[in-house]
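Below is one structure, written out as structure tokens; the observations come after it.
Chain IDs A, B, C, D, E and F follow the sequence of writing; residue 1 opens each chain.
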Amino acid sequence: MVKILLSSSIVFPATVGAVSFFARNTGLRKAMIILSSFLIAVISILIAFYLKIPGLYYFYGSQYLPDLIIKLGDFFLIFYILWISYKISEPKIAVFTLLQLIMLVYFDFFVLKESEVPFFFADELSILMNLIISIVGSIIAIYSLGYMERHERLHHVSPTRQPRFFAIVLMFIGAMNGLIFSNSLMGLYFFWEFTSLCSFLLISHDGTKEAAQNGARALWMNMLGGVAFIAGIIFLYTHYGILSLDELLKFSGGNYITIFVALLGFAAFTKAAQPPFESWLLGAMVAPTPVSSLLHSSTMVKAGIYLLLRLAPIMKGSILSNIIAIYGAYTFLSTAVLALSQSNAKRILAYSTVSNLGLMIASIGINTSSSIAAAMMLLLFHAVSKGLLFLCVGTIEQEINSRDIEDMKGLILKMPVTSLITSIGILTLMIAPFGMLLSKWLAMEAASRHFAVAMMMAAGSAVSVIFYSRWIGNLISTTKMGVLGRIRKCKEKLPNSILFALESLAFMAVAMSLFVGKIFNALIKPEINLMHMELSIRAASGYLSNGGIGGFSVYPVFIMIFLAGLLSLMTIKNSPALHTTSYMCGLQHNTMDYEAKNYYLGSLFNEDRFKRYIDFISAALILLLMGGSII
Amino acid sequence: MSKTGIIPFGPQHPVLPEPIHLKLVVEDERVMEVYPAIGFVHRGLEMLAAKKDINQMIYVVERICGICSMMHGMTYCQALEELMGLDIPPRAKFLRVIWAELHRIHSHLLWLGLFADSFGFENLFMQSWKIRERIMDMLERTAGNRVIISVNIIGGVRRDMDDSTLRWILQEISGVEKDLSGLKDMVLNNYTVKKRTVGKGVLSKDEALRLGAVGPVARGSGIARDLRATGYAAYGELDFEPVVEKEGDCFSRSVVRIREIYQSIDLIRQAVSKMPSGEISVKVKGNPPVGEVISVVEQSRGEVFYYIKTSGTQYLERLRVRTPTFANIPALLKMLPGCELADVPVLILTIDPCISCTER
Amino acid sequence: MMMDSKEVKVENLLQQVQKYLDEGYRLVTETCVKENGGYKIIYTFEKDYIMENIHIIVNDMEVPSISGIYFCALLVENEIQDFFGLKFGGLAVDFKGRMLLGEESPVGPLASVEIVRKEKGVKE
Amino acid sequence: MLGNIKSVLLNLAKKPVTRMYPDVKRNYFENTRGHLINDMEKCVLCGICQRVCPSNCIKVNRDEARWEYNPFECVLCGVCVERCVKKSLKLDSAYRQPASSKYRVELLMESREEGKAAGKVKSLA
Amino acid sequence: MMALQDIIKRSLHRSPWIVHYDCGSCNGCDIEVLACMTPIYDMERFGMINVGNPKHADILVVTGTVNQKNKDVLKSVYDQMPEPKVVVSVGICAASGGIFRECYNVLGGIDRVIPVDVYVPGCPAKPEAIIDGLAMAARKLEEKVEKKRRAI
Amino acid sequence: MITKVLAAAFFSVIISTLAGGILTGLDRKLTALMQGRCGPPVWQPFFDIVKLFSKEPMVVNDFQVLAAFAYLFSEILAVALFALKTDLLMIVFIMSIGSVFYIVGAMAVRSPYSQVGAQRELFQMVVYEPLLMLVLVGIYFETGSFNISGIMEREPLIIQLPLFFLVLSLVLDIKMKKSPFDFSASEHAHQELVRGIQTDYSGPYLAMVEMAHWYELVVILAMLALFLASHVVLGILLSMLVFFAEIVIDNITARMTLKWMVGFSWCAGILLTFSNLAYIYIRR
């Protein structure tokens, strides 16, 4: 049963994807996708309930088959990518792929000895990731139904390219599940590469020149990461003979293990689009928005974090870990500052994704039980909220034909539902008591021994408040008087699939924060125990206690916000608040002439130049990291 | 998408003592362009010259502005005296100097307060207005009113000061001088004030000339031009040097004004000590002859220009007033683009604008 | 000081003004007076406390603006537009006769003012 | 800046300079122009004040023996006082009290023939 | 309930906030209004502060005449003040147009545009008179509250 | 247990309301005296608040109501949590909820002044939030705890963390919006932004915002007092001293501009914290 579940979590989405590629009948395809999304989610929940974890499981059926498939798949993938690089004539891809090919051939045919390892490894982390991928992923897939239809209508795409799109998306979900469940490092590697490929295909889905270019950039950067990945595996295997996660987790450390960590860390950084590789994620914003939501914020980029989390116990206490912490904190701050100068909503989200990934990396680097817990919580909450926000931006963009937050002024009157959901999404990212801030709090407390890291974290989170809150400000700012009345009158028409996706994600984002204690006890605590760390955090009914250092209780804040909302609704209702115009120096008659814009500090730093500095420093940090690993 | 916002500034605005309107095109904190709109104080009193006779017009021109009212009256009277060929008694000239210099001190202190307010230095505002009240007392005691003192008439002045009053003035003015030292310290030696004013709104000498800047604005840019040197009223018999500063930024304009306060104190002392005795006015008979006359006087804000055309009756044919602020506004418009939003009030106040003068 | 000014032909105005600029004169102001049914515009320049006046006589025609030469002339020329309803050609910033006046104010108020001769002793 | 601190603290130590206005009334200087009053016993309704007034705020009505004055138009210049031949006008040093509506001052010269005058204030909105 | 009303009335009386609009005055009255805030007169003793923003203010202090351009401004400043509010006209210009009432651009006193509750005469009005006027205005605020309460 | 907690929270809120009002009044009185004038009575702020509550509730955008409530409540919560001696970092986080709502509420009004004020406030937040957190981290460094109860057990922090104390004073100055840090909303409203971020809050909502400021003031003063927590009276005296110093500074400085302020505070904050850290290391 368990085996079936695990296997089907990979195979089922992939198969449905493959089938949907050939399903030319729109209605049928739709029904299939809805059904299968539902099933995927169900499977993940079943897994979460029925799996005995931590545990090792074999693939359903044969145990050699998956190994074989993966081996073949590896080569297939590499040749396919080579072909792509030839087709779009991008030599960088070819170079990195060829490097991988050489190493792969060397490894597969000359080094690797036959051995028998269970295919699946599942623990709480995998379950957590699986839940995110399957639930958020299927919600996004459903959203895409509505979105892609409008998208193609707006862009006059015909014949429809939706089958291709959904095929890739569903296969991607399968691949992600494979990535997080696979025990063998080779399997991990295969799925890793596969997601890179999916990302490329989806980025260039629209087929414009820009899309192709940005896709290529994403691919070569990820291929570079792949090179490091395979190199790391070879290194590990040749030195310690380890090729699977379970062994790795049991491994008690060796002299050169840090080199392996550094190599895999590098791969993780490319995947998580940490500077100097953040440009691929920014470029990836040309993809249809569900792609950005699914791959580039909630799941694929999280693969990097997943990998680092797996490496965390190995590097515990090393200098490397400290450098990673600094690097992550630095990324957190610097990309938050970059996001500050943006007014394009997707770019803001992209930069802040990179930034939050940096925060997770920093937490992992700090490597204490609370910081690991913080990282895992961030992983979860960020996936939901960010995914939601991307979907919101997509919806808004299709309506107002712009992604610029300056153009979203007063959107609340035009698209009340979307705007409110967007605001809630932003709030869940920005303020306590929502999970993101709770995890930031945990991370801050964990970071307090590393003063520099703490400083950058504090600054970074303050900076992110700027770009988030001005976004909300723009959404709800109006010149019209009597907002609530108008909202009530305004009927916003959204396709059901889109509405469902937005509402369910928003609900999740809020509800999860409410039950943060439960989530912590169920998923995060055991995982930290598994990592053999002394657990100092306790959670009970909305209270998170950080081992005598401090504590955070969520309920009072919720009650407070609830009360504020209730009272304000009551006051608005009872005393139909008198509405006036805004203060305009006595020039009320031509209010529309005047409007302040948000500060983007364009004059202070120009994005390109600033980015160069940031990239430079982060490259230096990565070099330091590599160097640190050798010492 | 442009990230430039448009911010209104005025007419009803707490830092603007008077209504003008500026449309500021800003990007972040930087002002890119400025579109002014004026006319909120325009009353059209030049036209009253046709309705009120020359004596009544004194009280009208004094109400062009409550800050520099005495000097408006003086300029007007000087113009008509010139036209009618009147030679006013020397005592009247000296009295005019004293009142004019008192006005200059009060006007500069008033400016200093508002200027301080423009960069959020409330205490400085309070201190300078506190000192200013002593000047107001002097005006009230000598002329009977705090603000619009109405002492000029064609042919001299209306009120005399007796010796005890003059002594009292000397004593009070010394008190003012003492109080000023703390104030001066607060402007000239305060790091934060310097930071807000030094290097802001720089106006080079050339620009100042071309834009026709007058008064402290011109003198702050190194133009040694002070009409009092032409010796109208009793200034010819008093000793003074125009105050000049070179840098041409807000700070040097402030320094000019503060030094001018001291200069005025000195001038008052001189005038009191040299005060001749005798009549304070001459009798004026008949209507002024037909003619055109120009009269200029160094107001607290710079040169005020009166053009008067008479028609041979007791009414003027045309009265035209060009006030110093009118001449300084082009300089302001040159300074504003490129400054920070927070500096807008500072720059506006640095020319010491007086809109009621400007728009009449 | 009593005013004396020399008349300049409208065509030569700009040239003359340019000459003043080149010689380092400062534009004090322009003054418009009604004279003999037409308008006299007096330009006052100053250097070293000496004032020089020139004037032009115009009727209802378009007056060349000197704001291209002396930027600071723009305010006063707009003011003359407001007060007398004259038109200046080539103003740096043109408020269209509404710099000081509001939308509902009279047009060219000073152009239509006549002295109300209020004789002595006559009761109103 | 240190000097500034000193002066601020000195101010704190000193008594405030505030004139505690409603509690402590100020003595005005003798020739302060506060508000205009007319002593109707002296006034002969010659009308000079009406003519010289720059603000046209005095109306002398000989027929009805009335001297009218609008305090909300008077600029307190004192010209009328100076020119009044009978010295019946006077500028008192106290200011006129604020009011919640505008009014005119109308002084009637009753029983003019008998040479006796009596002032009477009438307010009109 | 009564006590609460009293407290409210008292507070209204004790903390009237002022917005000052210079509506074409000659500055004479203007600077006298400002002088009321300076150490010598210090109207903050009575809790009066110049908030400069109609939305926060209880008393609108207007100086100067109304002209074509600023009548709308004056009106909208008045409209933006929340009730209860009173208007104080300072100086004769604001009361009737003063010496300028014959000018072509002057409409007359501010009562042409907005209702005025207190007139402070004088050209310029003396600071003491202004303080008296403001105190009177503060009392009017109370009256307005009272009236409103009766109406309910 | 729970009733006891609630009662404690309730009393602390009442007391801090009184304290906040009196402190604000004291501030105004002292400022006036320093300027040589008489000034309002100390309880003037209460009159103001009552008056504002009795005024007509006027809003531009309904979200302002929510913003005002949320701001007020989160500051109240912060006060209560402080009184219950909980985690300082959490208190800071909760206070920032309030600030965010406050800012967003101002942004919701499409008036250039509130919006620019909100922008400036945001940048001000970027300055004081990290500094505040750094101070807390510094305290943790010394005491090993973020909990107030844990912190209070330690010896006077002021000896170990004198410069952190200065940083916290800086934060207080920024939070109080007193000169030179009053560019987002000047207390006296004489600035280019009218009342900046508060421009369009009026009547009761302005009152709520004002009261929220009181609580903020109280919390930060209490944090200052924590530096001498072992002697409560001395601690309070110390924080009052800082408060007084802040008023003096208010009276001798001009307002800063945005760039200057961010640069100055960051440099000062970082310099001070790092030198203090170095000092700690040397002492150990």
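As a working rule, contacts are C-beta pairs under 8 Å (C-beta built on N, C-alpha and C of every residue); 3 or more make two chains touch, one makes a residue touch a chain.
As the structure is a computational prediction, the values presented were derived from the model and not from experiment.
Visitor: In this assembly, which chains make contact with chain E and also with chain F?
Guide: Common contact partners of chain E and chain F, which must touch each of the two, are A, B, D.
Visitor: How many hops, at fewest, get you from chain A to chain C via touching chains?
Guide: Minimum step count, chain A to chain C: 2.
Visitor: Of all chains present, which has the mean Cα position farthest from that of chain F?
Guide: Centre of mass proxy via C-alpha means gives C as farthest from chain F.
Visitor: Averaging each chain's C-alpha atoms to get its centre, pick out the one most distant from chain E.
Guide: A
Visitor: Applying the document's contact definition, name the chain pair with more C-beta pairs in contact, C-E or B-F.
Guide: Spelling it out, more C-beta pairs touch across B-F than across the other pair.
Visitor: Using the average of all C-alpha atoms in each chain as its centre, how far is it in Å between chain B and chain C?
Guide: Computed from C-alpha means, the inter-chain centre distance equals 24 Å.
Visitor: Mind checking the centre-to-centre distance between chain A and chain B? Centres are C-alpha means, answer in whole Å.
Guide: The answer is 66 Å.
Visitor: Take the average of all CA coordinates in chain A, do the same for chain E, and state the distance between these two points in whole angstrom.
Guide: Distance between chain centres: 59 Å.
Visitor: Between chain C and chain D, what is the gap in Å from one C-alpha centre to the other?
Guide: 41
Visitor: Name the residues of chain D that each touch 2 or more other chains.
Guide: Within chain D, the residues that touch at least two other chains are 1, 4, 8, 16-18, 20, 54-55, 75-76.
Visitor: Which chain F residues touch at least two other chains?
Guide: Answer for chain F, listing residues that touch two or more other chains: 32, 34-39, 56-58, 112-113, 115-116, 188-190, 194, 199-200, 251-252, 259.
Visitor: Mark out which residues of chain A touch at least two other chains, giving numbers and ranges.
Guide: In chain A, the residues touching two or more other chains are 578, 580-581, 583-587, 594-596, 598-599, 604.
Visitor: Taking the complex as given, what residues does chain D use to touch chain F?
Guide: 1, 4-5, 8-9, 11-12, 14, 16-18, 20
Visitor: Quick one: which bits of chain F touch chain D in the complex? Just the residue numbers, please.
Guide: 30, 32-39, 248, 251-252
Visitor: Where on chain D is chain B touching in the complex?
Guide: Against chain B, the touching part of chain D is residues 1, 3-4, 7-8, 17, 28-29, 31-33, 52-55, 75-79, 82, 91.
Visitor: In the complex formed with chain E, which residues of chain F make contact?
Guide: Of all residues in chain F, those touching chain E are 28, 32, 35-41, 44, 46-51, 53-58, 188-190, 194-195, 198-203, 206.
Visitor: Along chain E, where are the residues that touch chain C in the complex?
Guide: 67-69, 71, 104-105
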